[in-house]
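After this come two complexes, each holding chain A, first together with chain B and then together with chain C.
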Partner chain A sequence: MLLRYRGSEGMLAWAFHRISGVAIWLFVVVHVVDIYLVGGDPKAYDTILKVYASLPGRIGETLLGAALLYHALNGLRIITMDFWPALTVYHRQLWYASWIVFLAVGLPGAFLILKPAFGL
Partner chain B sequence: MKVDLRILRFDPERDGTPHWESYELEAGPMDRVLDLLHAVKNGPDGTLTFRRSCGHGICGSDAMMINGRNRLACKARVDQIGRRISVAPLPGLPVVKDLVVDMDGFFAKYRGVRPFLINEAEEPERERRQSPEQRARYDDTTKCILCGACTSSCPSFWANPGYVGPAAIVNAHRFIFDSRDEAGDERLEILSDKDGVWRCRTIFNCVDACPRGINITRAILEVSSAIVERVS
Partner chain C sequence: MAFYTRSGRVRPQGGGLELAIWYLMRISGVALFVLALAHFSILHFLFDPANQTAQWITSQRWNSLFWRSFDWLLLMMVIFHSFMGVRTVVGDYIKGGWRTAVMSVLYLVAIVLFAIGTIVVMNLPVTLLSA
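Presenting the complex of A and B:
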C-alpha cells in the first residue's frame, strides 16, 4: 500500500524520516560492536578504523551524516507543528526550508568527510 | 475524448484476489469519475458495484482511490486527473465487492468518540448562545461528511487498524471545542488511549485526501495539545 498510494510532501517527509531512523539505528548497532572491539580485539578495531577511513567507508559516513541531519531537521519540523498546530498550513514550506538547511549544512559537511579520501 | 479506465475488481463469490479490468470510454473533460463508473455499469458491465448517493460531494458515499489518491468519484473530473484513470477501493478497509468497502469498523470508531452534543444542564428556554469566536473555534471540523477518505489514506491506520483514525478525531474535535458541550474531558480521555491521537505521525495524507478541505492534522494536534494541557 505504501508504494501504491501517491502521497505528497508530507508522506515523503515521513517515509524519509523512517528510512533515516532505521539507518541511524543500524549504524548504532555497528558502532556498539566496533567500540566493543577496542577492548575485545584491538587488531580488529584497527582494521575497522581503516575501513571507515577508506573511500567506501567515508561515503558510508557521509550517508550516515545525511541521515542524521535529515532526521534532526524533520524532527524539528514535526516538533514545531506539535507546539503550533496553526503552522500545519505551511507544512510543505517547512519541509522545503528543512531541505535548504540540509543542503547548506550537508554539502560542506560531506566535503569535509570525503576530502581526505581524495588526498585533499 | 477517449479515456482509459482501469478498475480494481473483486467478486468474493468468484475471485480469489482482486484484479484489474480495463475499459475504453468516450468522455468529456467535465465528466467525473462517477460518470465513467455509471457508463461502465450501464454499458459493458452491469455487475460493477460501487456506492453513490447525492453525486455532488455532500453525502460522502463514493470515496475511492483514484489515480493513487483517495477522492470522491463525484468531484474528480477528467480534465483534472487525465485520460488514464485507475480506480480502486479505499485502501486499508475490507473489500465487500469491487469498490464497496466494509465501513462498520470506521463507524464504530466514529461512534466511540461520542460525536453528539452532551449537556446535562437544564434545558434553556431559548437556544444555547455562542459568540462568533466560540463558533469559529471548531468551524473547520463541522465540515466532515464521513466519507472515510482521510482514515483510509493514513499509513498509521494501514499499519494498525485499531487506530481510531483521523475522521473520528475530527468529529471529536468538533464537540471538544464547542463551548456548549460538557463532555470534552470524556472525549479527551478516550482519545488519549494508545490507539488514540498519539498514533498520528503528521503525514498529511488525510489533509490531502479530505474532499472538504479540512485541516485534519491541525485538528489532531489541537486535540493532542488539549490532552497534554489537561494532564498538566
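Presenting the complex of A and C:
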C-alpha cells in the first residue's frame, strides 16, 4: 500500500510526511521527559545524555534531523499550496526542489552531528 | 478538486472546530519551521550534545529569559502540532471505541507533557556556579 496505492510523488510525499511526523512525535515524548529530568533528577539526565552522545545516539539524531528537515520542507510545500492553490500544478517540481534543499542542508548537517563520534 | 494532488489534509468544509484545527496546524507548522529547526540547529551544529549536561543547561542554556521563552513557545507549538497530527493518523486507522480510548490516552499524555515541560522550563533554578 505504501508504494502502490496511488503511486507517484504526491503519495510518496504524503507517506514520508506521515512516517516522519509520527517519528518526531515519538521523539518529542521522550525528549520532554528527559528535559524534565534536568530539574527532577540531573544525574539520570546526564546518564541519558551519554546515550545521545554515543555513536548509535548520533546516528539516531541524524535520522531525527532528517525526519525533521523533510517534514519541515514538505510541510512548507503543503502550506504554500493550501494558500496558493495555483501552485498545486507544480507540486512535483516543488517536491523535487524540497529534496535539493534537503540534501544541501542535510548532508553538511549530518557530518556535523556524526563527526565527534569519529574524533574529528 | 480532483485535479489537485495534495499531500496535506483537505481543508474541512464544515467549519467549526475541524476547520480551526486545520488552520492552527498550518500556523503552528510555520512557527515550528522556524522554532524547531533553529532549536535543532543550535543544539547540534553550534553546540555538541555531548557537552549539554544538566549543569550546562541550568548554568548556560537556560540562564536567559529569552531562551526559556523560546523553548516554552516551542513546547506549546510542538505539543499542539504533534498531538493533533497523531490525532489525524489515529482517526484514519482506528475506529469506534478503540479510537475514543486511544485518543483519551493521547490527550492525557499531551496534558502531562505540557505540564512537566512547563514546570521545568519555568521553575528550574539558575545556578551560576560551575561544578
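Basically, the second predicted complex is superposed on the first by the 115 of 120 C-alpha atoms of A that agree within 3 Å, B and C clash if a C-alpha of one lies under 4 Å from a C-alpha of the other, contacts with A are read in each partner's own complex, and residues count from 1 in each chain.
Note that a contact is a pair of C-beta atoms (placed from the backbone, for glycine too) under 8 Å apart; a residue touches a chain by one contact, two chains touch by 3 or more.
Source: prediction; values computed, not measured.
Chemist: Touch test for A:33: chain B only (first), chain C only (second), both, or neither?
Modeler: second
Chemist: Counting only touches as set out at the top, which of chain B and chain C does A:45 meet: first, second, both, neither?
Modeler: Touch partner of A:45: chain C, not chain B.
Chemist: Give one of first, second, both or neither to describe whether A:10 is in contact with chain B, with chain C, with both, or with none.
Modeler: In the superposed model, A:10 contacts both chain B and chain C.
Chemist: Touching A:91, do we find chain B (first), chain C (second), both, or neither?
Modeler: In the superposition, A:91 contacts both chain B and chain C.
Chemist: Regarding the shared-chain residue A:82, is it in contact with chain B (first), chain C (second), both, or neither?
Modeler: So A:82 meets both chain B and chain C here.
Chemist: Who wins on chain A residues touched, chain B or chain C?
Modeler: Answer, by number of touched residues of chain A: C.
Chemist: Just to be sure I read the superposition right, which of the two partners does A:68 touch: chain B = first, chain C = second, or both, or neither?
Modeler: After superposition on chain A, A:68 lies in contact with chain C alone.
Chemist: Could you list which residues of chain A make contact with chain B in one structure and with chain C in the other?
Modeler: Chain A residues touching both partners: 10-11, 13-14, 78, 81-82, 85, 88, 91.
Chemist: Quick check: in the complex, which residue numbers of chain C touch chain A?
Modeler: 3-8, 11, 26, 29-30, 32-33, 36-37, 40-41, 44-45, 48-50, 52-55, 57-58, 75, 78-79, 82-83, 85-86, 89, 109, 113, 116-117, 119-121, 123-124
Chemist: In the complex formed with chain A, which residues of chain B make contact?
Modeler: 65, 67-69, 88, 91-92, 153, 155, 158, 201-205, 207-208, 215, 217-218, 221-222, 224-225
Chemist: Which residues of chain A touch chain B once you look at their complex with the stated criterion?
Modeler: Touching chain B from chain A are residues 1-2, 4-11, 13-14, 78, 81-82, 85-86, 88-89, 91.
Chemist: Going by the contact rule at the top, pick out the chain A residues touching chain C in the complex.
Modeler: Interface residues on chain A, with respect to chain C: 10-11, 13-14, 17-18, 21-22, 24-25, 28-29, 32-33, 35-40, 42-43, 45-46, 49, 52-53, 57-58, 61, 64-65, 68-69, 72, 74-79, 81-83, 85, 88, 91, 109, 112-113, 116.
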